[in-house]
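Next come two complexes built around subunit A: one with subunit B, the other with subunit C.
Moving on, here comes the complex of A and B:
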């Protein structure tokens, strides 16, 4: 027997996916394209080959990771719009430390650079938390400003100190430091850069799920998010939770560097994140901040992302930005409409 | 360095400040009208993108800059009506709605610029908005004093103060943002006023975007460059008061003008660091000079 809550969730998520498909179809018709042909192409390229599946999972991996970080903040009603800056700071730090330690074995380099990247991202996340606590300034503004600041600083440090001449990237890590690709073990994914970070992302999602729903900290986190006056009265130290949520949430976003730097390219490159920090907001909202749900919504966005590339000849791939925005707007509005519908009538 | 210092004390530099000030104050006033009615509008950035792009599109297609301005504002008002449907009618979270709208506007313009103009970076060139005759000939400041929108923006200081604090409309708008229950019990159509606030913010941010595109005679991807967010910061630093916001925007414009002259003078300060100045200033001002901020009491709370 399905609970009413689950029924509602499934209904509103499927309705909003349907609404998005509908609007996208209209948009394609308006610009004179054949929607069936476009959707057919996407479906074929994404699902018909191991390469397509691999590339889709590769695109979904950082979205799962970043979404899990955001979910922690969102559960405490902290609107962290700063993931883009946070993840760049941490990934950059991760790459630099790993490069400095080249020559050491992977079981030393990997943990040290992960911890270092995590702390750097976490510290960037603490800035808006502290300003919020001390000055009452909404984290929305400060995280947005910090995006610009952090990206500027990373840009400066990279180009002036660490970049390979006349490129926008660092040197490549030694091969023995890279996370293995799945194609080395499974013939199916031949040519795809899908790597073991994908499994790390899945484990992370499960861990964050447990943290949020099954631990004392998660309970406090949700209490602060639900009603920060009530939480104070049951003895929760709100400020401590805000600091922790921001540190952990921002810190987790640094792990996207594992996928790109250690698992895919082997170096940090300017603009590698390509607005990942913002797309992940959409992914997290679609999943209603549930880490397990984030796996699935990240997969949907991965399909859109890779699918967009495959139809770029017919329609500019940028149409996927529109589709992603439509998904957010439809999920939040339809969710509310479904909610109102199920509410007992007075 | 001396070049920069002598530069600051010129009339041209002052004129430059007012040019940079215009989109900030329009955007900040836009956000303020919305927040005074209790609706947090972080989609100002997106609204500016949408109007800059629509102005460019219609200026190129029709060749008529006034018609383009009208269309840009009209499209923005339609978008802001949808924004009010989400935030007022459906009572959805304002921040989430704002993020969604920002992504939608940015995505639409990225998509359409490639689809229509076949370029991922910028549109062909087009006409600026007409200027006042004669005034334009005045040396140094002609470009500024002959620009109707800049003049309107400066006048907006008085207009906003008057509307918000001296009219019935302003009182009702503010009561919708401070204490909607009280307003409601007095028979004020609170939700209607919230919608008005959002529509005004669509209009003002529409002017800002269209002016920016007109001024640069071309729309380029990313040209709004966070101005909408800086406008929001100016509103917070200005504590939701039109006069204070005016000076906060002047401050941002001053630092941006400084940033530009530093870059032109070709010092060895790295440009990436100069570019983060406005954002860093925002954080520093918020941390160092502003006492605890206090938005309208019911700001962001759906009613």
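Moving on, here comes the complex of A and C:
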């Protein structure tokens, strides 16, 4: 039997998606477009071809990865807004170390650069954790501010030391270091850059799900999120949990680089993340911080993202940002409504 | 004349009947006690009266007038005020600001502070509340905060005052003071509905008593017909035969488990512990008596390693402690978690856990600790207070702690659960654990402790050894109560 909590979650998520669609329809009507036509176009472009599906999955992959990292923080009630900075630091480090190791075989380069990137992102995540523990400063403020600092540093290091002249990107990795594209094995995805990182993202989501819901660490993590005072008295080392949650959560965001650098372009480029760290917040919230749910909400955002590109000629691409914001607003407000509905009646 | 007439009140939550066709009257200008175990339906009935719940059927008359409250505002408008167990005060606001919040008297756009101040000070003087309206809530003790809540009700001109277990947070001395205030209310023509667990208080203060059990009214008596056996039988119903009295085993040699020497601690420049000494022995219960706010919570924080900025000696340096904290909802449990999930936070070897194992753990606790629960997967917040306390107790008792700290282990817990927990504390003692028992219930302290210390302003004033021997002497009980009582108030 389904628990009340699950019922609540499914109800509020589906209502939010429905409400978003409804408001979007109104918006399209207001700007004088035919909603059916627009939705039809998106649907057709995304699902009618293997290329569309591939591109959608490609867009969803980094969202799944980043969302999983955020979910760990959010479950501990750590509202990490700093994924954008964290993932850039780690991806940059990953690219640089991989470049420095060129010539070595992929089975050495890949693990070393992943671990290195993970640690760099994780360390960036530790900064707000330490400030929170030592001085009690809210992580919301520190993570937002750190985004600017970290992006500034990455920017400086890239342009002054590592960039190919008169570009904003590093050199390209050797071809033998790249993660294979799915199109090499499946005719269906011809032309799409979808690569095996997608499967890594799915495995990651399952692993994070198990970590959060099936391990003692996960129970402690969520206990701190629910009630840090009680956790303290129960004997949980809250500070350790906060440090670990931030290190793991931020560290995981670095794997975004795997998709872009190792699997797609082959180099690190300034601004490659394109506010991914913020979009992933919406993805994670929509999924109620559940990593399995994040796969699906990332797919939805992937459809919006890729679909938005395809209807660019009819409607401004920015309408997709509106849709994403609408999803966040609806989930936050509809949550409350559903909560009240399930409360014992007066 | 009746202030309140409850007529056929029924309130259900799903299949659970919290109030089952309740009828009784509350006389105007009287103190009416409502007594019953946890989950008997007292709080539900009061929430119906204060407009927080709407009854499924039935109604009540207020001063003879039929009322249907749709919200708490309706109740306030009918001059009904409720003092909740959990205070609703804003720590950073002053007494005055808290009291007027939501009911501000203004002069144009500005608050009329002089008028409000005069009004409040008059009330404080009339009812002898002894509050400084310019102090912040965070500077006040629990009993003073309670007075602020009462002042709120008075400021709103409530005539029918509902007190939900008001004495649970008070020391014996403060209870006496509180009763003086209650009597003053009566003399000012107000009606008081008083919810309590403590029979002694009923005998002192009640004009009339109604007993609820399992949602039904089972007993009613006026002041002159009251007798304790009938009353306690009505409350408890069938006494559960699980309540074995566990014998206190004699311990001959005692080994020291923990030693605190000359511990001092300042918090926000205020001295909270001042040369505090304590030694705990394995297989022995050390009781700490004292009015709340004399450093009890700080001792717990020091012992649990949560407070490290103290001076003095703490031996041994590492120690596994288990604590049943004073506030079970805030400090004791993760209310969103099930019983099993709360257990594994402390007592689980291994890193992975699944639903089947959790259920197994929950089932073990439910049978072993007599926890009453309708659904094994329901979160702790759906359990009654007594059952929550049993789970918290179980978690700490089942852990491999060397030292167990029990802070007010039976506060707000019904008689059956209290007996159960008391027996289990003795059991832990017999298992050679070193136990610190902090309580404001002197009966509890005397019946459980081997050694009893009195805490006053952050230091131990006096320690009585061999409590059980002292109690066995003729007149020992009275002597002990008297001297402990005086020490607690700092008279000696």
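Definition applied: the second predicted complex is superposed on the first by the 344 of 346 C-alpha atoms of A that agree within 3 Å, B and C clash if a C-alpha of one lies under 4 Å from a C-alpha of the other, contacts with A are read in each partner's own complex, and residues count from 1 in each chain.
Keep in mind that, in the parts below, contacts are C-beta pairs under 8 Å (C-beta built on N, C-alpha and C of every residue); 3 or more make two chains touch, one makes a residue touch a chain.
Since this is a predicted model, take the numbers as computed values, not measurements.
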Between subunit B and subunit C, positioned on subunit A by superposition, is the outcome a clash or a fit?
clash
Could you say whether A:281 touches subunit B, subunit C, both of them, or neither, answering first, second, both or neither?
first
One more residue to check, A:220. First (subunit B), second (subunit C), both or neither?
second
Which partner does A:316 contact after superposing on A: first (subunit B), second (subunit C), both, neither?
first
After superposing on the shared chain, does subunit C or subunit B touch more subunit A residues?
B
Determine, under the contact definition given at the top, whether A:108 touches first (subunit B), second (subunit C), both, or neither.
neither
Look at A:233 in the shared chain and tell me whether it touches subunit B only, subunit C only, both, or neither; answer first, second, both or neither.
second
Mind working out whether A:333 is in touch with subunit B, subunit C, both or neither, as first, second, both or neither?
first
After superposing on chain A, which stretch of subunit C overlaps subunit B: 78-86, 96-104 or 186-194?
96-104
In their shared complex, subunit A is touched by residues of subunit C numbered 13-14, 52-54, 304, 306, 321-323, 325, 330-337, 341, 344-346, 348, 350-354, 377, 395, 399
Subunit B-touching residues of subunit A, taken from the complex the two chains share
31, 79, 81, 127, 131, 134-138, 140-142, 144-146, 148-149, 152-153, 155-156, 159-160, 278, 281-282, 285, 315-316, 318-326, 328-329, 332-333, 336-337
Using the touch rule from the top, collect the residues of subunit B that touch subunit A in their complex.
42, 86, 90-93, 95-97, 99-101, 103-104, 106-108, 110-111, 114-115, 120, 226, 229, 232-233, 236, 270, 272-273, 275-276, 279-280, 282-283, 286-287, 290-294
Over in the complex, which subunit A residues touch subunit C? Could you list them?
3, 210, 214-217, 219-220, 222-223, 226-227, 229-236, 344, 346
